[in-house]
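In the two complexes below, chain A is the common chain; its partner is chain B in one and chain C in the other.
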Partner chain A sequence: MLKVSDIAEKVGLDIGVKGELNKDITGCYISDLLSDVMANSKDGELWITLQTHPNIVAVAVIKGLSGIIITNGRFPEPDTVKKAESENITIFTTHKTTFEIAGLLYNMLK
Partner chain B sequence: MKIKDSIEGCFQLMGGDFTNAGAASSELKSTLARLGVSQDAVRRAAIAAFEAEMNVIIHAVAGTMHYVITTEEVKITLTDMGPGIEDIELAMQEGYSTAPDWVREMGWGAGMGLPNIKKNADKFKIDSVVGEGATLEITICIKKG
Partner chain C sequence: MNRFVADLHIHTCLSPCAELDMTPLRIIDAAVKNGLDIIAISDHNSAENAEIAMKIAQDKGITVLPAMEIASYEEAHVLAIFDSIDKVMNLQEVVYKNLPDGIADEKLRGYQLVVNERDEILGFNKRLLFGATNLSVKTLVDTIHSFGGLAVASHIDKEIFSVISQLGFISDDIAFDALEISYNTKRERAEAVFGEYKSIPWITSSDAHHLGDIGRRTTTFLLEEPSLEEIALAFKGKRRIEWSDGVMK
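Let's turn to the complex of A and B:
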(Lines of atoms letter the chains of each structure in order from A and count residues from 1; the text may use other names and numbers.)
(Lines give C-alpha, C1' and ligand atoms only; values in the text may rest on other atoms or scores of the structure.)
Protein backbone atom coordinates (compact mmCIF):
# COMPACT_ATOMS: atom_id res chain seq x y z
CA MET A 1 0.00 0.00 0.00
CA LEU A 2 1.11 3.55 -0.74
CA LYS A 3 2.50 5.41 2.29
CA VAL A 4 2.30 9.11 3.09
CA SER A 5 6.09 9.24 2.69
CA ASP A 6 5.81 8.07 -0.96
CA ILE A 7 3.33 10.63 -2.10
CA ALA A 8 5.29 13.91 -2.16
CA GLU A 9 7.73 12.69 -4.79
CA LYS A 10 5.24 10.65 -6.82
CA VAL A 11 2.70 13.47 -7.13
CA GLY A 12 5.09 16.42 -6.90
CA LEU A 13 3.84 17.95 -3.65
CA ASP A 14 5.64 20.30 -1.27
CA ILE A 15 5.71 19.32 2.38
CA GLY A 16 4.13 21.99 4.61
CA VAL A 17 4.19 19.99 7.84
CA LYS A 18 5.93 16.67 8.31
CA GLY A 19 3.65 14.51 10.46
CA GLU A 20 3.39 10.73 10.70
CA LEU A 21 4.86 9.73 7.31
CA ASN A 22 4.69 6.00 7.83
CA LYS A 23 0.89 5.84 7.51
CA ASP A 24 -0.83 3.76 4.81
CA ILE A 25 -3.01 5.74 2.41
CA THR A 26 -6.30 3.88 2.03
CA GLY A 27 -7.87 6.28 -0.47
CA CYS A 28 -8.70 9.92 -1.01
CA TYR A 29 -11.57 12.26 -0.23
CA ILE A 30 -12.11 15.72 -1.75
CA SER A 31 -14.23 18.42 -0.16
CA ASP A 32 -14.08 21.97 1.16
CA LEU A 33 -17.07 21.37 3.46
CA LEU A 34 -15.79 20.18 6.82
CA SER A 35 -19.00 18.45 7.93
CA ASP A 36 -19.01 16.59 4.62
CA VAL A 37 -15.51 15.30 5.38
CA MET A 38 -16.71 14.43 8.90
CA ALA A 39 -19.58 12.43 7.39
CA ASN A 40 -18.05 10.81 4.33
CA SER A 41 -14.27 10.43 4.57
CA LYS A 42 -12.83 7.17 5.81
CA ASP A 43 -9.99 6.20 8.11
CA GLY A 44 -6.58 6.48 6.41
CA GLU A 45 -7.72 8.59 3.47
CA LEU A 46 -5.83 11.61 2.15
CA TRP A 47 -7.91 14.78 2.10
CA ILE A 48 -7.63 17.35 -0.69
CA THR A 49 -8.99 20.80 0.20
CA LEU A 50 -8.71 24.55 -0.29
CA GLN A 51 -9.32 25.23 3.42
CA THR A 52 -6.29 26.44 5.35
CA HIS A 53 -7.55 27.20 8.90
CA PRO A 54 -6.72 25.12 12.03
CA ASN A 55 -10.01 23.16 12.06
CA ILE A 56 -8.77 21.03 9.14
CA VAL A 57 -6.27 19.47 11.54
CA ALA A 58 -8.99 18.70 14.08
CA VAL A 59 -11.07 17.03 11.37
CA ALA A 60 -8.07 14.96 10.24
CA VAL A 61 -7.38 13.86 13.83
CA ILE A 62 -10.98 12.92 14.63
CA LYS A 63 -11.39 11.03 11.32
CA GLY A 64 -7.96 9.36 11.40
CA LEU A 65 -7.01 10.75 7.97
CA SER A 66 -3.51 10.02 6.70
CA GLY A 67 -2.79 13.58 5.57
CA ILE A 68 -4.05 16.82 4.05
CA ILE A 69 -3.23 18.29 0.62
CA ILE A 70 -3.90 22.03 0.21
CA THR A 71 -4.14 22.91 -3.49
CA ASN A 72 -4.13 26.00 -5.74
CA GLY A 73 -1.03 27.58 -4.22
CA ARG A 74 -2.60 28.13 -0.82
CA PHE A 75 -0.70 27.68 2.43
CA PRO A 76 -1.80 26.55 5.89
CA GLU A 77 -2.28 29.40 8.38
CA PRO A 78 0.41 29.69 11.12
CA ASP A 79 -2.03 28.30 13.74
CA THR A 80 -2.78 25.38 11.41
CA VAL A 81 0.93 24.57 11.10
CA LYS A 82 1.36 24.70 14.90
CA LYS A 83 -1.61 22.43 15.45
CA ALA A 84 -0.55 19.95 12.75
CA GLU A 85 2.93 19.75 14.29
CA SER A 86 1.55 19.01 17.74
CA GLU A 87 -0.98 16.47 16.39
CA ASN A 88 1.52 14.84 14.01
CA ILE A 89 -0.62 15.44 10.92
CA THR A 90 1.12 15.79 7.54
CA ILE A 91 0.13 18.75 5.36
CA PHE A 92 1.21 18.95 1.72
CA THR A 93 0.90 22.06 -0.42
CA THR A 94 0.91 22.43 -4.20
CA HIS A 95 0.36 25.03 -6.91
CA LYS A 96 -1.59 22.46 -8.91
CA THR A 97 -5.39 22.46 -8.86
CA THR A 98 -7.53 19.93 -7.01
CA PHE A 99 -8.46 18.42 -10.39
CA GLU A 100 -4.83 17.83 -11.34
CA ILE A 101 -3.90 16.30 -7.98
CA ALA A 102 -6.98 14.08 -7.98
CA GLY A 103 -6.14 12.91 -11.48
CA LEU A 104 -2.60 11.98 -10.49
CA LEU A 105 -3.72 10.20 -7.31
CA TYR A 106 -6.63 8.38 -8.87
CA ASN A 107 -4.65 5.76 -10.75
CA MET A 108 -2.29 5.18 -7.83
CA LEU A 109 -5.03 4.63 -5.28
CA LYS A 110 -7.93 2.98 -7.04
CA MET B 1 -11.54 -3.49 28.54
CA LYS B 2 -9.90 -1.51 31.33
CA ILE B 3 -12.98 0.09 32.89
CA LYS B 4 -13.85 -0.73 36.50
CA ASP B 5 -16.81 1.39 37.60
CA SER B 6 -17.05 4.43 35.43
CA ILE B 7 -14.75 7.14 34.11
CA GLU B 8 -15.86 10.75 33.85
CA GLY B 9 -14.49 13.96 32.48
CA CYS B 10 -15.53 17.49 31.62
CA PHE B 11 -14.33 20.19 29.20
CA GLN B 12 -15.15 23.89 28.98
CA LEU B 13 -16.10 25.19 25.53
CA MET B 14 -16.05 28.83 24.40
CA GLY B 15 -18.29 30.14 21.64
CA GLY B 16 -16.22 31.55 18.77
CA ASP B 17 -13.03 29.79 19.88
CA PHE B 18 -12.31 28.15 16.52
CA THR B 19 -8.59 27.83 17.20
CA ASN B 20 -9.06 25.25 19.96
CA ALA B 21 -12.05 23.54 18.34
CA GLY B 22 -11.83 19.79 18.55
CA ALA B 23 -9.56 19.66 21.60
CA ALA B 24 -12.29 18.20 23.82
CA SER B 25 -13.37 15.58 21.26
CA SER B 26 -9.78 14.55 20.44
CA GLU B 27 -9.07 14.03 24.11
CA LEU B 28 -12.24 11.97 24.54
CA LYS B 29 -11.22 9.94 21.49
CA SER B 30 -7.74 9.22 22.94
CA THR B 31 -9.24 8.31 26.32
CA LEU B 32 -11.64 5.81 24.73
CA ALA B 33 -8.90 4.29 22.58
CA ARG B 34 -6.60 3.99 25.60
CA LEU B 35 -9.36 2.16 27.51
CA GLY B 36 -9.55 -0.41 24.73
CA VAL B 37 -13.05 0.52 23.55
CA SER B 38 -13.83 -0.99 20.11
CA GLN B 39 -12.62 1.03 17.11
CA ASP B 40 -16.17 1.40 15.83
CA ALA B 41 -17.44 2.89 19.12
CA VAL B 42 -14.40 5.18 19.38
CA ARG B 43 -14.96 6.43 15.85
CA ARG B 44 -18.69 7.06 16.33
CA ALA B 45 -18.22 8.78 19.69
CA ALA B 46 -15.47 11.03 18.31
CA ILE B 47 -17.51 12.10 15.27
CA ALA B 48 -20.67 12.81 17.29
CA ALA B 49 -18.74 14.64 20.04
CA PHE B 50 -16.86 16.78 17.51
CA GLU B 51 -19.96 17.93 15.60
CA ALA B 52 -21.65 18.77 18.92
CA GLU B 53 -18.53 20.60 20.14
CA MET B 54 -18.44 22.59 16.87
CA ASN B 55 -22.08 23.57 17.32
CA VAL B 56 -21.32 25.13 20.71
CA ILE B 57 -18.37 27.01 19.19
CA ILE B 58 -20.37 28.13 16.13
CA HIS B 59 -23.82 28.78 17.55
CA ALA B 60 -23.54 29.33 21.34
CA VAL B 61 -21.75 31.62 23.80
CA ALA B 62 -20.21 29.02 26.10
CA GLY B 63 -20.78 25.46 27.22
CA THR B 64 -19.46 22.24 28.66
CA MET B 65 -18.91 18.73 27.36
CA HIS B 66 -19.24 16.08 30.03
CA TYR B 67 -18.69 12.36 29.46
CA VAL B 68 -19.25 9.18 31.43
CA ILE B 69 -17.73 5.92 30.23
CA THR B 70 -18.97 2.60 31.60
CA THR B 71 -18.48 -0.95 30.31
CA GLU B 72 -21.79 -0.61 28.45
CA GLU B 73 -21.78 2.87 26.99
CA VAL B 74 -20.26 6.29 26.51
CA LYS B 75 -22.64 9.07 27.44
CA ILE B 76 -21.68 12.55 26.22
CA THR B 77 -23.67 15.53 27.47
CA LEU B 78 -23.20 19.02 26.00
CA THR B 79 -24.83 21.92 27.80
CA ASP B 80 -24.56 25.44 26.47
CA MET B 81 -25.67 28.99 27.08
CA GLY B 82 -26.78 30.56 23.84
CA PRO B 83 -29.75 31.20 21.58
CA GLY B 84 -31.08 27.64 21.91
CA ILE B 85 -32.84 25.81 19.10
CA GLU B 86 -36.34 27.04 18.28
CA ASP B 87 -37.49 24.26 15.95
CA ILE B 88 -35.56 21.07 16.73
CA GLU B 89 -37.19 19.08 13.92
CA LEU B 90 -36.15 21.71 11.38
CA ALA B 91 -32.62 21.90 12.83
CA MET B 92 -32.32 18.11 12.40
CA GLN B 93 -33.01 18.34 8.66
CA GLU B 94 -29.95 17.83 6.47
CA GLY B 95 -28.93 21.12 4.87
CA TYR B 96 -30.65 23.42 7.39
CA SER B 97 -28.22 25.94 8.86
CA THR B 98 -28.34 29.40 10.38
CA ALA B 99 -24.54 29.77 10.34
CA PRO B 100 -23.34 33.21 9.16
CA ASP B 101 -21.41 33.67 5.91
CA TRP B 102 -17.96 33.90 7.52
CA VAL B 103 -18.51 30.52 9.18
CA ARG B 104 -19.64 29.06 5.84
CA GLU B 105 -16.46 30.34 4.22
CA MET B 106 -14.55 28.16 6.67
CA GLY B 107 -16.46 25.18 5.32
CA TRP B 108 -18.81 24.86 8.30
CA GLY B 109 -22.53 25.55 8.15
CA ALA B 110 -23.52 22.85 5.69
CA GLY B 111 -26.31 21.76 8.01
CA MET B 112 -24.89 18.24 8.27
CA GLY B 113 -23.79 18.24 11.92
CA LEU B 114 -26.94 17.24 13.81
CA PRO B 115 -27.94 14.60 11.20
CA ASN B 116 -24.44 13.10 11.47
CA ILE B 117 -24.63 13.03 15.28
CA LYS B 118 -27.93 11.15 14.96
CA LYS B 119 -26.42 8.71 12.47
CA ASN B 120 -23.49 7.84 14.73
CA ALA B 121 -25.30 7.79 18.09
CA ASP B 122 -27.30 4.89 19.49
CA LYS B 123 -29.41 7.38 21.46
CA PHE B 124 -29.63 11.11 20.81
CA LYS B 125 -31.75 13.68 22.63
CA ILE B 126 -31.91 17.46 22.28
CA ASP B 127 -33.51 19.75 24.86
CA SER B 128 -33.59 23.49 24.44
CA VAL B 129 -35.03 26.64 25.92
CA VAL B 130 -35.01 29.43 23.36
CA GLY B 131 -32.91 32.36 24.56
CA GLU B 132 -31.19 30.25 27.22
CA GLY B 133 -29.38 27.38 25.55
CA ALA B 134 -29.36 23.77 24.44
CA THR B 135 -28.53 20.39 25.97
CA LEU B 136 -27.54 17.40 23.84
CA GLU B 137 -27.35 13.88 25.21
CA ILE B 138 -25.45 11.47 23.01
CA THR B 139 -25.14 7.78 23.89
CA ILE B 140 -22.81 5.35 22.14
CA CYS B 141 -23.17 1.69 23.08
CA ILE B 142 -19.97 -0.26 23.60
CA LYS B 143 -20.26 -3.76 22.22
CA LYS B 144 -19.21 -6.51 24.54
CA GLY B 145 -16.21 -8.70 23.74
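Let's turn to the complex of A and C:
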Protein backbone atom coordinates (compact mmCIF):
# COMPACT_ATOMS: atom_id res chain seq x y z
CA MET A 1 0.00 0.00 0.00
CA LEU A 2 1.11 3.52 -0.77
CA LYS A 3 2.53 5.37 2.21
CA VAL A 4 2.43 9.09 2.98
CA SER A 5 6.21 9.16 2.58
CA ASP A 6 5.88 7.98 -1.04
CA ILE A 7 3.67 10.61 -2.51
CA ALA A 8 5.60 13.85 -2.17
CA GLU A 9 8.05 12.80 -4.81
CA LYS A 10 5.63 10.84 -6.98
CA VAL A 11 3.04 13.60 -7.17
CA GLY A 12 5.44 16.53 -6.87
CA LEU A 13 4.29 18.02 -3.58
CA ASP A 14 6.12 20.28 -1.16
CA ILE A 15 6.12 19.24 2.46
CA GLY A 16 4.65 21.98 4.68
CA VAL A 17 4.61 19.97 7.89
CA LYS A 18 6.29 16.62 8.30
CA GLY A 19 4.04 14.44 10.43
CA GLU A 20 3.65 10.67 10.57
CA LEU A 21 5.03 9.66 7.18
CA ASN A 22 4.78 5.91 7.67
CA LYS A 23 0.98 5.88 7.43
CA ASP A 24 -0.81 3.84 4.76
CA ILE A 25 -2.95 5.81 2.35
CA THR A 26 -6.30 4.03 2.00
CA GLY A 27 -7.84 6.48 -0.45
CA CYS A 28 -8.51 10.13 -1.03
CA TYR A 29 -11.27 12.60 -0.18
CA ILE A 30 -11.73 16.03 -1.73
CA SER A 31 -13.81 18.81 -0.21
CA ASP A 32 -13.48 22.37 1.04
CA LEU A 33 -16.40 22.10 3.42
CA LEU A 34 -14.99 20.82 6.69
CA SER A 35 -18.45 19.78 7.83
CA ASP A 36 -18.60 17.52 4.77
CA VAL A 37 -15.14 16.09 5.43
CA MET A 38 -16.15 15.34 9.01
CA ALA A 39 -19.24 13.53 7.74
CA ASN A 40 -17.84 11.65 4.76
CA SER A 41 -14.08 11.10 4.83
CA LYS A 42 -12.73 7.76 5.98
CA ASP A 43 -9.87 6.57 8.12
CA GLY A 44 -6.52 6.63 6.34
CA GLU A 45 -7.62 8.82 3.45
CA LEU A 46 -5.58 11.69 2.12
CA TRP A 47 -7.54 14.94 2.02
CA ILE A 48 -7.17 17.54 -0.71
CA THR A 49 -8.45 21.02 0.15
CA LEU A 50 -8.05 24.77 -0.28
CA GLN A 51 -8.75 25.45 3.38
CA THR A 52 -5.86 26.59 5.57
CA HIS A 53 -7.43 27.27 9.00
CA PRO A 54 -6.14 25.32 12.06
CA ASN A 55 -9.44 23.39 12.11
CA ILE A 56 -8.20 21.29 9.18
CA VAL A 57 -5.75 19.63 11.57
CA ALA A 58 -8.49 18.87 14.07
CA VAL A 59 -10.61 17.31 11.33
CA ALA A 60 -7.67 15.20 10.14
CA VAL A 61 -7.06 13.97 13.70
CA ILE A 62 -10.72 13.22 14.42
CA LYS A 63 -11.14 11.32 11.15
CA GLY A 64 -7.77 9.55 11.23
CA LEU A 65 -6.77 10.99 7.86
CA SER A 66 -3.31 10.11 6.60
CA GLY A 67 -2.45 13.64 5.51
CA ILE A 68 -3.64 16.93 4.03
CA ILE A 69 -2.76 18.41 0.64
CA ILE A 70 -3.36 22.15 0.28
CA THR A 71 -3.57 23.06 -3.40
CA ASN A 72 -3.51 26.11 -5.64
CA GLY A 73 -0.52 27.80 -4.04
CA ARG A 74 -2.19 28.33 -0.69
CA PHE A 75 -0.24 27.79 2.50
CA PRO A 76 -1.32 26.69 5.98
CA GLU A 77 -1.74 29.52 8.48
CA PRO A 78 1.04 29.74 11.13
CA ASP A 79 -1.29 28.33 13.81
CA THR A 80 -2.20 25.48 11.49
CA VAL A 81 1.47 24.59 11.14
CA LYS A 82 1.93 24.65 14.91
CA LYS A 83 -1.10 22.48 15.48
CA ALA A 84 -0.10 20.00 12.76
CA GLU A 85 3.36 19.72 14.29
CA SER A 86 1.97 18.97 17.71
CA GLU A 87 -0.60 16.51 16.32
CA ASN A 88 1.88 14.84 13.97
CA ILE A 89 -0.25 15.50 10.88
CA THR A 90 1.49 15.79 7.52
CA ILE A 91 0.56 18.79 5.38
CA PHE A 92 1.66 19.00 1.75
CA THR A 93 1.42 22.14 -0.33
CA THR A 94 1.43 22.56 -4.08
CA HIS A 95 0.89 25.19 -6.74
CA LYS A 96 -1.02 22.64 -8.79
CA THR A 97 -4.82 22.69 -8.75
CA THR A 98 -6.99 20.17 -6.94
CA PHE A 99 -7.92 18.68 -10.33
CA GLU A 100 -4.29 18.04 -11.28
CA ILE A 101 -3.40 16.49 -7.93
CA ALA A 102 -6.53 14.34 -7.92
CA GLY A 103 -5.73 13.12 -11.42
CA LEU A 104 -2.22 12.11 -10.42
CA LEU A 105 -3.34 10.41 -7.22
CA TYR A 106 -6.27 8.63 -8.81
CA ASN A 107 -4.05 6.44 -10.93
CA MET A 108 -1.84 5.61 -7.97
CA LEU A 109 -4.68 4.79 -5.57
CA LYS A 110 -7.36 3.13 -7.68
CA MET B 1 -34.98 48.10 31.04
CA ASN B 2 -37.14 48.15 27.94
CA ARG B 3 -37.86 45.45 25.38
CA PHE B 4 -36.51 46.07 21.91
CA VAL B 5 -37.40 43.77 19.03
CA ALA B 6 -34.48 43.48 16.66
CA ASP B 7 -33.88 42.04 13.20
CA LEU B 8 -30.13 42.40 12.72
CA HIS B 9 -29.78 40.80 9.30
CA ILE B 10 -31.54 42.52 6.40
CA HIS B 11 -30.25 42.81 2.82
CA THR B 12 -31.11 45.69 0.51
CA CYS B 13 -31.20 45.88 -3.28
CA LEU B 14 -27.43 46.38 -3.10
CA SER B 15 -27.04 42.65 -2.48
CA PRO B 16 -27.18 40.87 -5.84
CA CYS B 17 -29.38 38.12 -4.41
CA ALA B 18 -31.98 40.47 -2.86
CA GLU B 19 -35.15 41.63 -4.58
CA LEU B 20 -34.93 44.99 -6.34
CA ASP B 21 -37.76 46.39 -4.25
CA MET B 22 -35.64 45.98 -1.11
CA THR B 23 -34.93 49.70 -1.05
CA PRO B 24 -34.04 51.33 2.27
CA LEU B 25 -37.31 53.31 2.18
CA ARG B 26 -39.48 50.22 1.76
CA ILE B 27 -37.43 48.21 4.26
CA ILE B 28 -37.88 50.87 6.94
CA ASP B 29 -41.62 51.07 6.23
CA ALA B 30 -41.97 47.29 6.49
CA ALA B 31 -39.84 47.16 9.63
CA VAL B 32 -41.91 49.87 11.33
CA LYS B 33 -45.15 48.17 10.24
CA ASN B 34 -43.90 44.90 11.73
CA GLY B 35 -43.16 46.53 15.07
CA LEU B 36 -39.38 46.27 14.90
CA ASP B 37 -37.37 48.60 17.12
CA ILE B 38 -33.84 47.91 15.85
CA ILE B 39 -32.68 46.68 12.46
CA ALA B 40 -29.27 46.25 10.86
CA ILE B 41 -28.73 46.85 7.16
CA SER B 42 -26.32 44.11 6.21
CA ASP B 43 -25.48 43.76 2.53
CA HIS B 44 -22.91 41.36 1.16
CA ASN B 45 -19.44 42.89 1.47
CA SER B 46 -20.75 46.45 1.19
CA ALA B 47 -22.53 49.11 3.25
CA GLU B 48 -23.35 51.62 0.53
CA ASN B 49 -27.09 51.68 1.31
CA ALA B 50 -26.68 51.87 5.07
CA GLU B 51 -26.33 55.63 5.48
CA ILE B 52 -29.49 56.40 3.54
CA ALA B 53 -31.39 53.84 5.61
CA MET B 54 -30.20 55.56 8.79
CA LYS B 55 -31.30 58.92 7.40
CA ILE B 56 -34.76 57.64 6.41
CA ALA B 57 -35.22 56.09 9.85
CA GLN B 58 -34.41 59.28 11.78
CA ASP B 59 -38.00 60.35 12.46
CA LYS B 60 -39.61 56.92 12.32
CA GLY B 61 -38.97 55.65 15.85
CA ILE B 62 -36.71 52.84 14.70
CA THR B 63 -32.97 52.42 15.16
CA VAL B 64 -30.94 51.45 12.10
CA LEU B 65 -27.47 50.02 12.64
CA PRO B 66 -25.09 50.07 9.67
CA ALA B 67 -23.68 46.62 9.01
CA MET B 68 -22.22 44.29 6.43
CA GLU B 69 -22.31 40.57 5.86
CA ILE B 70 -18.75 39.75 4.91
CA ALA B 71 -17.54 36.52 3.31
CA SER B 72 -14.23 35.30 4.69
CA TYR B 73 -11.54 33.54 2.71
CA GLU B 74 -13.03 30.22 3.85
CA GLU B 75 -16.43 31.48 2.59
CA ALA B 76 -17.86 31.76 6.07
CA HIS B 77 -20.29 34.68 6.34
CA VAL B 78 -19.86 37.09 9.25
CA LEU B 79 -22.15 39.95 10.23
CA ALA B 80 -20.26 43.10 11.17
CA ILE B 81 -22.56 45.48 13.03
CA PHE B 82 -21.66 49.08 13.84
CA ASP B 83 -23.17 52.22 15.33
CA SER B 84 -21.79 54.81 12.94
CA ILE B 85 -21.43 55.10 9.23
CA ASP B 86 -17.79 56.20 9.56
CA LYS B 87 -16.82 52.98 11.30
CA VAL B 88 -18.58 50.74 8.80
CA MET B 89 -17.00 52.68 5.93
CA ASN B 90 -13.54 52.09 7.41
CA LEU B 91 -14.25 48.39 7.31
CA GLN B 92 -15.78 48.60 3.83
CA GLU B 93 -12.50 50.05 2.58
CA VAL B 94 -10.63 47.00 3.91
CA VAL B 95 -13.24 44.64 2.49
CA TYR B 96 -13.12 46.26 -0.96
CA LYS B 97 -9.33 45.96 -1.01
CA ASN B 98 -9.69 42.25 -0.32
CA LEU B 99 -12.43 41.40 -2.79
CA PRO B 100 -11.49 39.67 -6.04
CA ASP B 101 -10.96 41.97 -9.02
CA GLY B 102 -13.59 41.81 -11.67
CA ILE B 103 -16.91 43.27 -12.69
CA ALA B 104 -20.17 41.77 -11.49
CA ASP B 105 -22.23 40.12 -14.21
CA GLU B 106 -25.69 41.49 -13.47
CA LYS B 107 -27.44 38.99 -15.72
CA LEU B 108 -25.88 36.15 -13.79
CA ARG B 109 -26.09 37.32 -10.19
CA GLY B 110 -28.50 40.24 -10.12
CA TYR B 111 -28.26 44.02 -9.92
CA GLN B 112 -26.43 45.80 -7.10
CA LEU B 113 -28.32 49.05 -6.66
CA VAL B 114 -27.33 52.08 -4.63
CA VAL B 115 -30.44 54.20 -4.04
CA ASN B 116 -31.52 57.41 -2.32
CA GLU B 117 -34.30 58.24 0.15
CA ARG B 118 -36.85 58.56 -2.67
CA ASP B 119 -36.14 55.10 -4.12
CA GLU B 120 -34.22 56.64 -7.02
CA ILE B 121 -31.26 54.72 -8.34
CA LEU B 122 -28.01 56.57 -7.70
CA GLY B 123 -25.79 53.96 -9.26
CA PHE B 124 -24.85 50.36 -9.77
CA ASN B 125 -22.13 48.81 -7.67
CA LYS B 126 -19.99 46.83 -10.10
CA ARG B 127 -17.81 44.99 -7.59
CA LEU B 128 -18.03 41.25 -7.09
CA LEU B 129 -20.03 41.67 -3.90
CA PHE B 130 -21.02 38.03 -3.86
CA GLY B 131 -17.36 37.01 -3.88
CA ALA B 132 -15.31 36.09 -0.87
CA THR B 133 -12.69 38.40 0.60
CA ASN B 134 -9.10 37.37 1.01
CA LEU B 135 -9.41 37.69 4.81
CA SER B 136 -9.43 34.64 7.04
CA VAL B 137 -12.40 34.46 9.38
CA LYS B 138 -10.12 35.09 12.36
CA THR B 139 -8.54 38.15 10.72
CA LEU B 140 -11.97 39.35 9.71
CA VAL B 141 -13.40 39.11 13.22
CA ASP B 142 -10.33 40.81 14.69
CA THR B 143 -10.60 43.57 12.06
CA ILE B 144 -14.30 44.13 12.83
CA HIS B 145 -13.40 44.51 16.50
CA SER B 146 -10.53 46.88 15.76
CA PHE B 147 -13.00 49.19 13.96
CA GLY B 148 -15.43 49.09 16.88
CA GLY B 149 -17.99 46.65 15.51
CA LEU B 150 -19.65 43.49 16.74
CA ALA B 151 -18.95 40.23 14.89
CA VAL B 152 -21.76 37.70 14.61
CA ALA B 153 -21.36 34.35 12.86
CA SER B 154 -24.12 34.29 10.23
CA HIS B 155 -26.66 31.46 10.06
CA ILE B 156 -24.48 28.81 11.70
CA ASP B 157 -27.15 26.23 10.85
CA LYS B 158 -26.79 26.67 7.08
CA GLU B 159 -25.13 23.93 5.04
CA ILE B 160 -22.97 26.41 3.19
CA PHE B 161 -21.48 29.85 3.96
CA SER B 162 -21.59 29.26 7.70
CA VAL B 163 -18.50 29.09 9.88
CA ILE B 164 -19.48 25.55 10.84
CA SER B 165 -20.11 24.33 7.28
CA GLN B 166 -16.82 25.82 6.12
CA LEU B 167 -14.61 25.07 9.12
CA GLY B 168 -16.34 22.08 10.70
CA PHE B 169 -16.74 23.69 14.09
CA ILE B 170 -16.16 27.02 15.81
CA SER B 171 -12.69 27.12 17.29
CA ASP B 172 -11.77 29.25 20.28
CA ASP B 173 -9.39 31.46 18.28
CA ILE B 174 -12.32 33.20 16.58
CA ALA B 175 -13.78 35.75 18.98
CA PHE B 176 -17.40 35.94 17.83
CA ASP B 177 -19.65 38.21 19.91
CA ALA B 178 -22.71 36.15 19.01
CA LEU B 179 -23.94 33.37 16.75
CA GLU B 180 -26.96 33.67 14.48
CA ILE B 181 -29.48 30.86 14.01
CA SER B 182 -31.39 31.25 10.77
CA TYR B 183 -35.11 31.32 10.10
CA ASN B 184 -34.95 27.68 9.01
CA THR B 185 -34.06 26.15 12.36
CA LYS B 186 -36.34 25.97 15.36
CA ARG B 187 -34.90 26.89 18.73
CA GLU B 188 -35.33 23.37 20.10
CA ARG B 189 -33.44 21.89 17.18
CA ALA B 190 -30.69 24.52 17.48
CA GLU B 191 -30.28 23.66 21.19
CA ALA B 192 -29.90 19.99 20.30
CA VAL B 193 -27.41 20.49 17.46
CA PHE B 194 -25.36 23.46 18.64
CA GLY B 195 -25.51 22.96 22.41
CA GLU B 196 -21.73 22.94 22.64
CA TYR B 197 -21.67 26.63 21.64
CA LYS B 198 -23.88 27.89 24.45
CA SER B 199 -20.99 29.92 25.89
CA ILE B 200 -21.48 32.37 23.00
CA PRO B 201 -24.81 34.26 22.91
CA TRP B 202 -27.30 33.34 20.20
CA ILE B 203 -29.56 35.57 18.15
CA THR B 204 -31.96 34.88 15.34
CA SER B 205 -32.91 37.13 12.45
CA SER B 206 -34.71 37.13 9.13
CA ASP B 207 -31.78 37.30 6.68
CA ALA B 208 -34.41 39.11 4.60
CA HIS B 209 -33.95 39.20 0.84
CA HIS B 210 -37.63 40.01 0.16
CA LEU B 211 -39.85 42.62 1.82
CA GLY B 212 -42.10 39.88 3.16
CA ASP B 213 -39.18 38.32 5.00
CA ILE B 214 -38.51 41.31 7.24
CA GLY B 215 -39.10 40.43 10.89
CA ARG B 216 -40.03 36.80 10.19
CA ARG B 217 -37.52 35.98 12.95
CA THR B 218 -36.50 38.50 15.56
CA THR B 219 -34.43 38.71 18.72
CA THR B 220 -35.74 40.65 21.71
CA PHE B 221 -33.19 42.55 23.75
CA LEU B 222 -33.88 44.02 27.20
CA LEU B 223 -31.85 47.21 27.07
CA GLU B 224 -31.65 50.67 28.57
CA GLU B 225 -31.73 52.14 25.08
CA PRO B 226 -31.66 50.83 21.51
CA SER B 227 -27.93 51.15 20.84
CA LEU B 228 -25.02 49.01 19.71
CA GLU B 229 -23.36 49.65 23.06
CA GLU B 230 -26.33 48.12 24.87
CA ILE B 231 -26.45 45.17 22.45
CA ALA B 232 -22.75 44.65 23.16
CA LEU B 233 -23.60 44.52 26.88
CA ALA B 234 -26.27 41.94 26.08
CA PHE B 235 -23.68 39.85 24.23
CA LYS B 236 -21.48 40.07 27.34
CA GLY B 237 -24.33 38.67 29.44
CA LYS B 238 -25.18 41.97 31.13
CA ARG B 239 -28.55 42.40 29.39
CA ARG B 240 -31.20 39.83 28.58
CA ILE B 241 -31.62 38.28 25.13
CA GLU B 242 -34.79 36.36 24.23
CA TRP B 243 -35.99 34.65 21.12
CA SER B 244 -38.14 31.77 20.04
CA ASP B 245 -39.42 30.43 16.73
CA GLY B 246 -42.35 32.81 16.51
CA VAL B 247 -42.31 36.50 15.74
CA MET B 248 -41.98 38.51 18.93
CA LYS B 249 -43.89 41.73 19.21
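Please note the rule applied: the second predicted complex is superposed on the first by the 110 of 110 C-alpha atoms of A that agree within 3 Å, B and C clash if a C-alpha of one lies under 4 Å from a C-alpha of the other, contacts with A are read in each partner's own complex, and residues count from 1 in each chain.
Just so we're on the same page, a contact is a pair of C-beta atoms (placed from the backbone, for glycine too) under 8 Å apart; a residue touches a chain by one contact, two chains touch by 3 or more.
This is a predicted model, so every value here is computed, not measured.
With the C-alpha superposition on chain A as described, chain C and chain B clash in the combined arrangement. When both complexes are overlaid on chain A, the residue A:Asp43 reaches chain B alone and has no touch with chain C. Of the two partner chains, chain B and chain C are each touched by A:Asp79.
Of the two partner chains placed by superposition, chain B and chain C are both touched by A:Asn55.
Using the contact criterion defined above for the overlaid structures, shared-chain residue A:Asp24 touches neither chain B nor chain C, since it reaches no partner. By the document's definition of touching, both partners, chain B and chain C, reach A:Leu34.
Once chain A of one complex is fitted onto chain A of the other, the partner contacts of A:Asp6 are absent, as it touches neither chain B nor chain C.
Two complexes overlaid on chain A leave one chain C stretch from 95-103, 185-193 or 221-229 clashing with chain B, and it is 185-193.
The interface of chain A with chain B overlaps its interface with chain C at residues 32-36, 38, 51, 53-55, 58-59, 79. Taken together, the chain C residues at the contact with chain A in this complex read 73-75, 136-138, 159-160, 164-169, 171, 173. Within the complex formed with chain B, the chain A residues making contact are 31-36, 38-39, 43, 49, 51, 53-55, 57-59, 61-64, 79, 87. By the touch criterion given at the top, residues 18-19, 21-23, 25-26, 29, 43, 46-47, 50-51, 54, 106-108, 110-113, 116, 119 of chain B touch chain A in their complex.
Within the complex formed with chain C, the chain A residues making contact are 32-38, 51-55, 58-59, 77, 79.
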